[in-house]
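As structure tokens, here come the structures.
Across the two complexes that follow, chain A remains constant while its partner is chain B and subsequently chain C.
Our next item is the complex of A and B:
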């Protein structure tokens, strides 16, 4: 008992201190711990959400990037193929036109040749006729009165055909 | 110089002694109320100033508690009690750093002798205070034990049909009492000794010499608060875990 008195232990003081402490605990719980902890957890959640969102956005960006590249690649390929086919078509067309042109030119040349040949023949015929006439006339002049006309003509024609 | 183990009564309300430690404890509580009031008014999503300090303290404390509970949800349940003990005890301990400790007061005739009744005395240097917190801690452990694992399971720790376990149960009851004693006397002893040390050193060499001891006392005050809070947390964790048998 003396020890308790020496140490100053007083149950009323203990109760008072306990009440003091419990009130402190209650007030701090209500106005400090609860709101601050709530804020901390809320912020943690928010940050986690933010990080998650950022990661998702990054993923999507990468995806979009690859998609873009793929699309560009496909477009390039397509363009190449279009150009190739265009070149092919152009080449074909060129060949076709070239061939046609050649054919036409050949035709023209052929026609011209034929015409020239015809003209030549005609001319030769005409010349022959003229020459035979002239020769006949000349012969006629020379052999006037010696041979009749019929004979004369026959002779001339015979001579000319021998030429 | 007068060193008294018991806290000195400044005045009496009828027969109730209003001791200097009671006033100091109230001041500590008021200080914490004030901080809470300041913070509560302007709690923001993006922390600034005071909120940063409080949040840092809380987060450090929670991380430290996680090491013991191994469970965040338990940490959050125990946090208010443990944090309040920590804050109250550390502030009570640090009162001894305030200049004027044990020297500013008034003289009173006590048992025929003129003794100084100081106004400032660490709240923790009074067994009534440490006993009160120890009781809150131990009773809190019991309450949390009942709430978290159920009354019957909790009581099985103390009462059992099995003779060996019933003997262990009796030991457990004594252990609870021992906890109160060890909690209260450890804190009281450390802080009271610190006060006496500071008082004596200041009395012997008033300048410079008390400084290292003041740093030491700041450290001791922190360590004792941490020990008190940590042990409470350990007992809480143990009480909230079912006995494996």
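Our next item is the complex of A and C:
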């Protein structure tokens, strides 16, 4: 103790300072350290939560993106399928229409051929009728001049003999 | 009830058939009076026509209308009668009565008409047949 006194160290002061320090420490601990620690802890938690949320959002974004791409792919496939189907139907209709048109054209041609043949036959008949009329007229004329009483007598005799 | 010419003709035939000449005259006179009373005198030509047909049919007389360009000679008519007798349509007929008619349109040959039958061998008809054959071939 005497040594401490000879060194000029006042033990009562030290103790008082130690007590002061402790009181300060306690006060600091209660009013500074703990709130700050709490604040830091809360912040850390918030940051961690934020990071977690961000990661969760990131995952969900990735998932949504994947789903979107899958939907787009499916829609593309369906659109392709519809286009293919429409093309097939269009082609079938085209072929059907072509065949129908060909058939109708052929029918028109056949009908025209028949009509031409009928017209030709009709004309031939008319010409025949006209020619036979003319021949009959000419024959009658000639006979009227040629058949006199004598000839007529012979004709009558011949006719009666053939009865 | 309206009496048809054919019925009149039949009646006239029945009353005159197998009657003597005097009876026929009286019968015809009475018949004409009856027809006049009925107001059917305008049918008289038809009545006579039917009467002739009935008379000819009953007495097996074939009334034949002969059409030719020139009048036929007796020889022709006799030959014609001989030929006609052999035809089936004149089977049973005893007598032939020819009603001659000249028609220049026939050109030549004869056209024979008996009831609703016609035998046309005239040159006009032959030319007509030729015309038909030519138009068909």
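Assume the second predicted complex is superposed on the first by the 120 of 163 C-alpha atoms of A that agree within 3 Å, B and C clash if a C-alpha of one lies under 4 Å from a C-alpha of the other, contacts with A are read in each partner's own complex, and residues count from 1 in each chain.
Operating definition for what follows: a contact is a pair of C-beta atoms (placed from the backbone, for glycine too) under 8 Å apart; a residue touches a chain by one contact, two chains touch by 3 or more.
Computed from a predicted structure; not experimentally measured.
> May I ask you to decide whether A:151 touches chain B, chain C, both, or neither, giving the answer as first, second, both or neither?
Second partner only, chain C.
> Have a look at where A:143 lands relative to chain B and chain C in the superposition and call it first, second, both or neither.
In the superposition, A:143 touches chain C alone.
> Given the superposition on chain A, which partner contacts more residues in chain A: chain B or chain C?
So, of the two partners, B touches more residues of chain A.
> Could you tell me if A:37 is touching chain B, chain C, both of them or neither one (first, second, both, neither)?
A:37 sits against chain B, while chain C stays out of touch.
> Does the superposition put A:97 against chain B (first), chain C (second), both, or neither?
So A:97 meets neither chain B nor chain C here.
> Identify the partner contact of A:22: answer first if only chain B is touched, second if only chain C is, both if each is, neither if none is.
A:22: touches chain B, not chain C.
> Regarding the shared-chain residue A:133, is it in contact with chain B (first), chain C (second), both, or neither?
Only chain C; A:133 stays clear of chain B.
> One more residue to check, A:125. First (chain B), second (chain C), both or neither?
In the superposed model, A:125 contacts chain C only, not chain B.
> Can you list the chain B residues touching chain A in their complex?
Going through chain B, the ones touching chain A are 4-7, 16-17, 19, 22, 25-26, 29, 32-33, 35-37, 39-40, 43, 45, 51, 54-55, 58-59, 76, 79-81, 83-84, 87-88, 126-129, 131-133, 135-136.
> Across the complex, what residues on chain A touch chain C?
125, 128-129, 131-133, 135-136, 139-140, 143-144, 147, 149, 151-153, 155-157, 159-163
> Would you tell me which residues of chain C are touching chain A in their complex?
68-70, 72-73, 76, 79-80, 83-84, 87, 107-110, 119, 121, 123-124, 127-128, 130-132, 134-137
> Per the contact definition, I'd like the list of chain A residues that touch chain B in the complex.
Listed in rising order, the residues of chain A that touch chain B are 5-10, 12-18, 20-25, 27-29, 31-33, 35-37, 39-40, 42-43.
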